[in-house]
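Mind having a look at this structure? Questions to follow.
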Amino acid sequence: MPEIVVFAATGRSTEQKRGLCRDITEAMVRNFGVAADQVTVQIVESSLDSKSKGGVLFSDR
Amino acid sequence: MPEIVVFAATGRSTEQKRGLCRDITEAMVRNFGVAADQVTVQIVESSLDSKSKGGVLFSDR
Amino acid sequence: MPEIVVFAATGRSTEQKRGLCRDITEAMVRNFGVAADQVTVQIVESSLDSKSKGGVLFSDR
Amino acid sequence: MPEIVVFAATGRSTEQKRGLCRDITEAMVRNFGVAADQVTVQIVESSLDSKSKGGVLFSDR
Amino acid sequence: MPEIVVFAATGRSTEQKRGLCRDITEAMVRNFGVAADQVTVQIVESSLDSKSKGGVLFSDR
Amino acid sequence: MPEIVVFAATGRSTEQKRGLCRDITEAMVRNFGVAADQVTVQIVESSLDSKSKGGVLFSDR
């Protein structure tokens, strides 16, 4: 409220995900004026053969 | 048609997911007047270190 | 937590949407054991020329 | 089944959306072997001040 | 790459959305080490009678 | 830009996913007139007990 979904390829560390979720939440609070505990962030990770850019799978790059 | 996506942290049993999908489908039929077989529900589960509330990962709580 | 997104074509009344959000929330509480006030439901409506089934736009049916 | 969501900025014509939905559906049938009438595509359009690339709103470009 | 989707109720100003998209993009760059111009953010806004918390529509609060 | 998300049950081969991503990207280029390298496709796969049609889990069919 709002809810943020991050669509990403797998491969990030817990530390990276911890920092991202913290910073996106702070961005919501600062810009939208919502309380932090109202903000959920979910990172949806797909395998490298389930994501493409330019029509080419990440696993084929 | 409609399609429902449930963004959740991992950790639910098959029985819980079976009940949820059945009940959400019934809610669609009852309120939107669609046929049950037109309703798809997908639960998108992320690991506990890929979801946060209040800027804190579920794995850190 | 969980967050539910309903992808639908436009054209439902407020009464229909009120009932749907209430019933989906109850389904989450009953099956996943979460508190009702932790559940958000967002209906994402697209115009009839922005949704297709079987490759045919809803506006062309 | 599968369901495809296209996140896009507003501004496409019905003809463009008709072609896109038809072609994505054909891509699903050809590659995943599903029946066409099982495939739904929904284009989720946001206004130009609700989408950014490189941190810059489309309305500011 | 990654792509971020923000599900929100309507009612934010362009200035609020500009700041949010900028800050989320910076959060991606800082934590995930991606180039800013690879990051897209889309805010998906729904009307107040299309979103609920605790089973109650925002328009009924 | 646009970003495409495909919600699917698990079980497709890399070859199927490679073809799908390539063909959806081509569909975007052909119909929306965007450059191929601006198009991302992410396939979000859920287990067979996390997706339903007609209220019945795929794992129960």
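Read from first to last, the chains carry the letters A, B, C, D, E and F; within each, the first residue is number 1.
Simple rule for what comes next: a residue touches a chain if its C-beta (ideal position, glycine included) is under 8 Å from a C-beta of that chain, and two chains touch if they have at least 3 such contacts.
Every value quoted in this text rests on a predicted model; they were computed, and no experiment measured them.
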Which listed pair, D-F, E-F or B-F, duplicates the contacts of A-E in over half of its pairs: D-F
Interface sides of chain A and chain B: same vs different residues, half threshold: different
Centre distance in Å when chain C and chain E are each reduced to the mean of their C-alpha atoms: 18
Mean-CA-position distance for chain D and chain B (Å): 23
Chain B-chain C separation of Cα centroids, rounded to whole Å: 12
Numbers and ranges of chain B residues touching at least 2 other chains: 1, 3, 5, 7, 9, 17, 26, 40, 42, 44, 53
Complete list of chain pairs which touch one another: A-B, A-C, A-E, A-F, B-C, B-D, B-F, C-D, C-E, D-E, D-F, E-F
Sites on chain A touched by chain F in the complex: 7, 44, 46-47, 49-57, 59-60
In the complex with chain A, residue positions of chain F that touch it: 3, 5, 14, 17-18, 21-22, 25-26, 36-37, 39-45
Residues of chain A that touch chain C when the two form their complex: 1, 3, 40, 42
Chain F partner contacts - residues on chain D that touch it in the complex: 1-9, 12, 16-17, 19-20, 23-24, 26-28, 30-33, 53
